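As structure tokens, here come the structures.
Each of the next two complexes has subunit A plus one more chain, namely subunit B in the first and subunit C in the second.
After this line comes the complex of A and B, so read on.
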């Protein structure tokens, strides 16, 4: 895959980063656009974390579980300590990672649908537990207020928030890139392509899969914590299937198993999604996104990032013919 | 705590009745899995379509809703064939993850198309036999439950006869056992895929009819959870095993309603996944499954 080849031209990364850094100026500090951009950044992190797990061949259908764990842990600590959210966000990530490690222990032996089912079910169970058994601390279905990442009293708090979240996202993606470029990335790819052969080559699949699960849940927990501190509210709705499915859709749309896939997918689909909303569409939006997903899975299984290559191939073929 | 025998009986019958819907879904999924080795996570959306088609026909014509089941099964069968032909066939043999992703797309498309056509309010139909009950020991058993259990049994008998006695059934079973071998003896396996998917979708449609006529609330989103549970059932019962799907469906229906009664309603959905996860930790191939792939 592309990561192994290291075929990322630095200039395109630079341009993307430049746009991201300058964005608040371009956006003219419009409250709405900044909000959309912040949520987009959070979902880029979330999708990249999901994609990281998929890179090792494990497709989770319940990543909302870790998203929510990160959010709840960070919120509850921040509320009881009254502390700023930065340390608590890390704590949220760590707890999510620990629970991800435990769930990973049960999942390493499972494949495809089995894994999909267990992860999906885990999110459903967690939602029920948080909403009912833990209602005394979590506020049940009504949810609780979550302290803002940047106090609203500060001037330009949304811009500051944007840059903080951008920094976290960029650092995380660089970390993912470095991990996937290292021996770990090779091990993940080997396990994904053929677990038995990987084992024969001396790779211990259980160890690497657990690592992937733990790192992925850590980053997902971080993104979840960022999300609730941005919105300022958390309820068991955070464990909903929609939250599990969006990162999957973004990643597939952009390109599964690539670094840029989740980023491109999230950006493009967010723009499409919001433009459709502007056009006043409601259910049609979901139908369109669903159809797009189906078309991409059937005709462009490697996602949008593979489109230029595919077009080039077509063109070359036509020239020959 | 003194357990009331009547309440136990009530829970048991609720469970049987809920189990019928799970059985119809799980049998279809299992049949499709056996032949095509794929899983359609959007199977529950077919149940939902069946529910709406039944409700629409009933409102338009006012005929006995139970008799609409045949029409629903036919319509859903055709929809199923279209889904197989346009969606699943192109990705057959590619990465297994693709099926999961394709199903996700289908879920979004079907749910929201239904919401566009019929709206997303919660609706409910009243069965013509709503007030008829049969005294059963200490409880009054709604006659609808009995009808639903009988209808499900009839459908399953019909399916078994189809699979065991007809040449089409033989071809389906042959494809399920050995796809290459079936090809060699001249079975058009792609046609078997199509027919099987149609049958599976038809069974889901029947489940939709039963859902509606029994007076359960329906909206475009009812399908997801039953389908995921049906999938859990076929994992427990062993992928591709129809008896496993039937037994698993009954166990699930009863366990779920027992849990809802004894632990509280919120646990109804969670308990089924808890069962699944616990079973998978100890037996990754399911309760009755042979060693999987």
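After this line comes the complex of A and C, so read on.
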């Protein structure tokens, strides 16, 4: 289905946004909780960007590439300019978008699995190139300091950082929503559902897939830039497979092809992940998350967002029988 | 005779060692319903897919409104005014019936229009083809064969084609439903749309076509008015082992 109309009632958006806005107060300014929340917001944006690409029927296994490109470009510019700004972050997004566009040009004619492999390979190659060939500028495997998003000298800098990142994430998700509800969203969905029939309806798959690829890379680059400026450091580790897989896991867990899926998936898995660590289950949590994922995929193939619908169906069945 | 709308010349298709089409010539005139018949595997679908650009031809040219369209991608050919319904109607499984047709109303031609206007147009097309409108919001995967075929036809009409290619629209329909389909086909022609229709069932195509082209094993073996073709000895021989097709 196209981005389900009417399934995002304003009050649920309002409540979610309200919680997000009040969160730093509720969290009692705990440094650790605020940090977790900021990283969660960044991954909500990253997952939404990945999911946006998946919406057009394209699966990337190497989105860490664009995450890292955004991070490196913004860091390098910020270092030479002396400070991080919206301009450096935007530049990170734009370079990621441009490289995404070029990679898309070679990829959009490939079928799903080949596309997945090419993107995966691209992230691997990029990691090696950044770590070795470009070591003079990137600091190699040791990495380099990335100027903070908000200078640490400011009072409550972490709270300010939280709100800046929240704003960027919310604006991006609203943009994704508007794009998917427009004619572009219809073209993406048609291509995903049946490429031949989409062509027979006058849709040029190459053009729309490229657009999806470019927008997705742009938003991923932005999220990568936010991440490294939040952490204050960047190394080629940013291109690692973990960073490619988490957005996929979050999106599938929450619900592929929906706006709320990546948000809910990221929030719940982050909370579970961090709580398990707090409980001292540092290694066991991999197994627990893995099991959780398997259970959801088997019983809720459309992700957690489909839970209410599933319960309603069950209830209706019981009433009937 | 009216002007030629579509002309295929020497269309040949090689699939591996098999020659699916051998130098087929065919012309559709303005306001004409041309029937394309032949036993299973004759190459009818392949010819249709070559015209619509989904399958590349090995040799030969297709000209539409005086312009060579061979080699153009299918979406470009659609926007030039040729649309197609598929033998195997799959459509867009997770899109609603209305969305499926709306996509074609928006992207199928060069007119710029708003999503809401396209959606309204799509609804009119669905109504025209007799689709039960209360199912407009149903995902296509939950529709039955007849409803799917109607969505296909509405989708094909929504791009406002000059030429409509229909591949076995009545296959899988019962007698009442195929009579309805024949009525629809006549209605569509009245709107000034020319039609190239493939049918496996001779009875349907005899009644509705102005002219008929018969394919057998990739070759054109007969062409003419329905009664001429029906009485053609070669056609009768070809269909002899397949009498139920009549």
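Of note:
The working rule: the second predicted complex is superposed on the first by the 316 of 321 C-alpha atoms of A that agree within 3 Å, B and C clash if a C-alpha of one lies under 4 Å from a C-alpha of the other, contacts with A are read in each partner's own complex, and residues count from 1 in each chain.
To be clear about the criterion, a residue touches a chain if its C-beta (ideal position, glycine included) is under 8 Å from a C-beta of that chain, and two chains touch if they have at least 3 such contacts.
Since the structure is predicted, the reported quantities are computational estimates derived from the model, not experimental observations.
Applying the stated contact rule after C-alpha superposition, one finds that A:204 touches subunit C and leaves subunit B untouched.
Looking at the shared chain after the overlay, A:196 reaches subunit C, while subunit B stays out of its contact range.
When the two structures are aligned on the shared chain, A:182 is found in touch with subunit C, with no touch to subunit B.
In the superposition on chain A, A:112 makes contact with subunit B only, while subunit C stays out of contact range. Residue ranges on subunit C touching subunit A, taken from their complex, read 52-54, 73-76, 78-79, 83-84, 86, 90-96, 99-100, 102-104, 106-109, 115, 118, 139, 155-156, 158-159.
Subunit B makes touch with subunit A in their complex at residues 39, 41, 87, 90-91, 94-98, 100-102, 104-113, 115-116, 120, 224, 228, 231-232, 235, 264, 266-267, 269-270, 272-274, 276-277, 280-281, 284, 293. Of all the residues in subunit A, the ones that touch subunit B in their complex are 54, 59, 61, 106, 109-114, 116-118, 120-122, 124-125, 127-129, 131-132, 241, 245, 248-249, 252, 256, 283-287, 289-294, 297-298, 301. For subunit A in complex with subunit C, the residues that touch the partner chain are 1-2, 182-183, 186-187, 189-190, 193-194, 196-205.
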